[in-house]
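Two complexes follow with chain A in common, the first pairing it with chain B and the second with chain C.
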Partner chain A sequence: MRRYVQSPGSVGEFSQLPLWQRAATLDLVYVGYGLLVVALVLASYLLGALGWLPHDPQAMNVGLINAAPFTPGHLLGTDFLGRDLQARLILGIQAYFLPGLLAVTISVVAGSVLGILAGYRGGWFDTIITYFDNLLDSFPRLVLILLVIASFKPDIYYVMVVVGITGMPVIANLIAGKIAFLRQKSFIEAAHALGLPARTVILKHILWLNCRALLVIQATLGMAEAILVETSLSYLGFGVQEPTPSWGNMVQAGANYFLQGNFWPSTAPALAILATILGFQLLGDGLNNLLEGKRRK
Partner chain B sequence: MDAPLLAIENLRTYFYSRAKRAFIRSVDGVSLGVTRGETLGIVGESGSGKSVTALSAAGLVTAGPGVISGRIHLHSNGAARNLLDGLEKYARVTEQDGRVVAVQKDERGWRKHSETLMAGVRGKEIAMIFQNPRSALNPYSTIGKQLVETIRLHTSLKRESEARERAIHWLERVRIDSPRLRFDNFPYGMSGGMCQRAMIAMALSAEPSLLIADEPTTGLDATIQSRIVDLLAELKAETGITTLLISHDISVIQRLSDRIAVMYGGTVVETGRAAEVLAPEATARHPYTAALLASIPSAETIRRKSYLQAIEGEVLDTIEVPRGCRFYGRCNRVTDAIRENCAGIEPPLAEIAPGHKVRCWLYPAAEKA
Partner chain C sequence: MKFSAILPVARVLRRELAVTALLLLGVSVVVFAVLYLAPGDPLNVLLEGQSPRSIAAGAREALGVPQTWYGRYGAWLAKVLQGNFGNSIRTGLPVLPELARVGVNTLVLTLGSLLFTLMIAVPIAVHAAVNGDTAGNTAATVAAYVVSAVPVFWFGYIVVYVFINKLGMFPLLSGTATKQPHAWLYFLVPIFVLGTASGTLAELIRHLREELSRVLAEDYIRTARAKGAPVWRHAFKEGFLIPVTEIMSAKIPFLLGGAVIVEQVFNWPGMGRMAWQAAQDRDFPVIMGIALVAAAFVRFGSLLQRVVFTAVNPRASRE
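This part shows the complex of A and B:
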């Protein structure tokens, strides 16, 4: 059975309803979960940065290796050297948090600039950006990253600059497409006719009012991507090196004991990766549906 | 007499067709004057160059080569300026026996210089309203915010609260019901007519000297069209704003204009007082104007169930402009006496009565001019 209820307030004022009343429940669940993950990651990052950990992440306890969760004193158990998994998981966030932000900032800022140049100026800017996009698309990202690591040094910030640059064309294309779409409507021309300076038209009317949702969505998706790249590299041994913990190298270290029945030390960080990336992805998806109106109740 | 508020002299705005490697002579030597306080209506079929003339005056032509020559004088606030001043040096026009065969234009230099000339003019002195008002407003911002933005940009009201009050005042003046509520509406929550009212409020809120209304009723349905026309007439009576009205709808032009310019194929073929040009009994007029008037369905023709009288032939494509009169191919009033002239020499815009000019060989004044 469905209920059809006229909302209080004047008729036809669709936009006046608060966002959460207009949205589909599933999208709210997505966004709610995503925001929870973001809050947890942020809080854990701060805890790690301040050193407020439940346990010393480097303290070994040879008598208590590969302990199961809920062992007294170790809520999430210990790894193969008897180090506390919970503390190491929290500290592992240091490995991707700031580098990930760097990658997202690079791709959003540079992507917006390129997108505006391509969409607003058009002409050969558009051509160059399309070719740049094709070039990056035709080159495996991981190989590019390994190349950078080989030619410079295995520093996560170098890697994230590459991730940021390779994420740029997607955003540039989206913004350019949006501008092309907006151009069909004449309000940009009308804004010029009203005498608004070009800077105001571009920054306020195009980027802020029409593209902000898109940028937020791309930023969350970009963060998920950055985390995935960091953990993959650390897993392969090119990222953060032991004894500094990263979720990737924790999975790798635990994997040696996986088949002996001690699956927990690698499963815990793997689940953390899964939950976090899922959170960022769903946040992006949910926001896309909510803000861009892709799905309506 | 007072100098006209806006005087366009010999304006040429060309575009270029890559496929045909030829110029599209959208506006080809147009001269117009809009006197302070009057409404000049420009009428013509699609493609006659009326909108491009207006866009050129507002410095909004973006495609190349665009405006290539002419002068646009604006006399407002006691100062006279040429909105195309010094732009000649950015465009080198090569002509061969009276025709443009090549244009070399420094587009960037032109645009930069044009922007400096237009600073403080566009939006402030010359405001514009467009057709399809719903797409002329930013869909992601409320009409109130957009109105406040232009008010703060163009008037001395810089404080948010003052600008807000003025915005509501303007929404009221364009007869929007419950303006305080509408202030927070997004464009998609409003009808097309309402959006056009909001656009008019935005254009007028800067208190411009000249309002260019480019097909203000196109894209609206018939009843709304007539309401917008009513509104423009009322605002005109209240504020006395000088208006350049562009429309292909003669009835709109007739209701609002003091003077009329009829355009065909990128040139003005007839100008004069509205009453004279459109008078039903008048005989002295350009054959094109006569044909335009004859093509309007009247109650009489509908009752007699007779066919509409369409104009034979197609609108002149401004790529292949003939040597002689631009209307020659479609004209039904060519006589043997003038045929040679019509086919070979473009007639001048000659005064056939005080203030009434016609570009046609039918009138002896053309021979003298």
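This part shows the complex of A and C:
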């Protein structure tokens, strides 16, 4: 495993220009789109949680099945039972939002702890964590999840614990690399020389002041991963079950009408998945270029 | 290859083989741990759930089931190492021969899609690295992002629809495929879908582009250019071979995961479909076997990558 250690920054690192003037336009577009998606997901989650939906998501209208978008009364059309797609799309966010947050929290918290141990203590910890990393990388994630599903039960929170654990080594590695880089700098040495406890140096000087961008970026990318896993599992029939909507099982249910030429009931949730995952990924990568300085104008 | 280059490779190979063995041992521990922690002891079924501890222990003794977890792990591992993965609960057939039968299909699917990804990604990435940020390159990079976020399961339906309804071809039931003309084309569709929409494409383009443009900016390339030597021959190893093999080996697990979905969409008789069926039936000898085989496959890919890496970069053997 090659560990990426940052090289000391170029002059641009200390530029006094505000961030948006230093950044490449493309990265700003990425981040802008990503933030828009996050805002939409958050708002839709709240709408779904509070039950403020444009329609009853379970109300069937057999006279109006597989309706196209912009049908009067149904902005995004209806599905194969005549249920309002817009309401179901909004409600579908419930299926991954909290579980995704759980997965992200697990990987960020546990990943940071492991990363600090590897970077700060080094030696044995480093070896063990590299081993652990390679070990988790050996399993196709979906196969590991199916193993857990077969052994325990198809519960999304079990699945998300697996997603969280498998997401941990990446973060641990990044944090360890960051610490290896920071330790060359004099302010860490100064903090030690001043007699600050290791706790303060780690929590404040390393994690909070230098790693928060990295953690936010990894959390965004982790959320994209969690959404992908949840929708895939619901598609495969192991996640949320009908009639409760999830974007995955909506694609699956609509697919039966696909070959008859009724694209929309399956395509609408698929586009929602596409737009959302893309948003989280672009936000993560854009922020990475912006804050961690991988690309400069 | 010169003889001097083989020696470090052999040394690294030995070390990497040891690491691989250690990792596979870890893999077996993880799989066993999941099975061990799973609720539902077969013995409870046998004793109809009304057994006090002492009777259960006695029954275990009589059946020859080790009492301790490490005893059970040892017994299990010994069987697995002999190639005895147990019998499928659903079909009653031994797991390993079944896996070998369908595993070939999955191998074709994943390696084929990897090849396909390479054919698409390499020209784009190389072009982008050589020419820098042009409008076309930016568009290609953004397009790669979008394509990699497309849900595989939906993209599969689109492709099926286009091929059946618009082009009037492709028998999309695996059983009938062999009897039709152009049957071999049938194999290409799932490969195309997995290769396009699994996220490997974008990652490969990004990584190869970054690494290649980094290498092309190095001093030794400038020197090569200045003295009129072919730049390609100098940049190939570090700027092309290493990043490509790195991403390929890193993406094998993702492709195997993607294969679960693609095989489901296309009725492709492979390990992924088997995994789905096994999870559906809670047939854990099968899913356990699949996890072990998949992990072995991943480790083998990574071993291959290390060998290539050391062969082109003998310094790595002294790390």
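One rule holds in what follows: the second predicted complex is superposed on the first by the 281 of 297 C-alpha atoms of A that agree within 3 Å, B and C clash if a C-alpha of one lies under 4 Å from a C-alpha of the other, contacts with A are read in each partner's own complex, and residues count from 1 in each chain.
Convention: contacts are C-beta pairs under 8 Å (C-beta built on N, C-alpha and C of every residue); 3 or more make two chains touch, one makes a residue touch a chain.
Computed from a predicted model, the values in this text were never measured in an experiment.
**Student:** Just chain B (first), just chain C (second), both, or neither: which does A:T231 touch?
**Tutor:** A:T231 sits against chain C, while chain B stays out of touch.
**Student:** A:L209 in the overlay: touching chain B, chain C, both, or neither? Say first, second, both or neither.
**Tutor:** Only chain B is touched by A:L209; chain C is not.
**Student:** If you tally the residues of chain A touched by each partner, is the higher count for chain B or for chain C?
**Tutor:** Chain A has more residues touched by C than by the other partner.
**Student:** After superposition on the shared chain, which partner residues are touched by A:H192: those of chain B (first), chain C (second), both, or neither?
**Tutor:** In the superposed model, A:H192 contacts chain B only, not chain C.
**Student:** Name the contact category of A:L142: first (chain B only), second (chain C only), both, or neither.
**Tutor:** The answer is second: A:L142 touches chain C but not chain B.
**Student:** Is A:A150 in contact with chain B, with chain C, with both, or with neither (first, second, both, neither)?
**Tutor:** In the superposition, A:A150 touches chain C alone.
**Student:** In the superposed view, which residues of chain A touch chain B and also chain C?
**Tutor:** The overlap between the chain B and chain C interfaces on chain A is empty, containing no residue.
**Student:** Given the complex with chain A, which residues does chain B contribute to the contact?
**Tutor:** 58, 60, 120-124, 127-128, 130, 132, 135-141, 149-150, 153-154, 181, 184-186, 188-189, 199, 202-203, 206
**Student:** Residues of chain C touching chain A in their complex?
**Tutor:** Contact set of chain C toward chain A: 19, 22-24, 26-27, 30-31, 34-35, 37-39, 138, 142, 145-146, 148-154, 157, 160-161, 164-165, 250, 253-258, 260-261, 264, 275-276, 278-280, 282-284, 287-288, 290-291, 294-295, 298-299, 302.
**Student:** Could you please specify the touching residues of chain A with respect to chain C in the complex?
**Tutor:** It comes out as residues 26, 131, 134-135, 137-144, 146-152, 154, 228, 231-232, 235-238, 248, 251-252, 255, 258-259, 261, 263, 266-267, 270, 273-274, 277-278, 281-282, 285.
**Student:** Taking the complex as given, what residues does chain A use to touch chain B?
**Tutor:** Within the complex, chain A touches chain B at residues 10, 12-16, 184-187, 189-196, 200, 205, 209-210.
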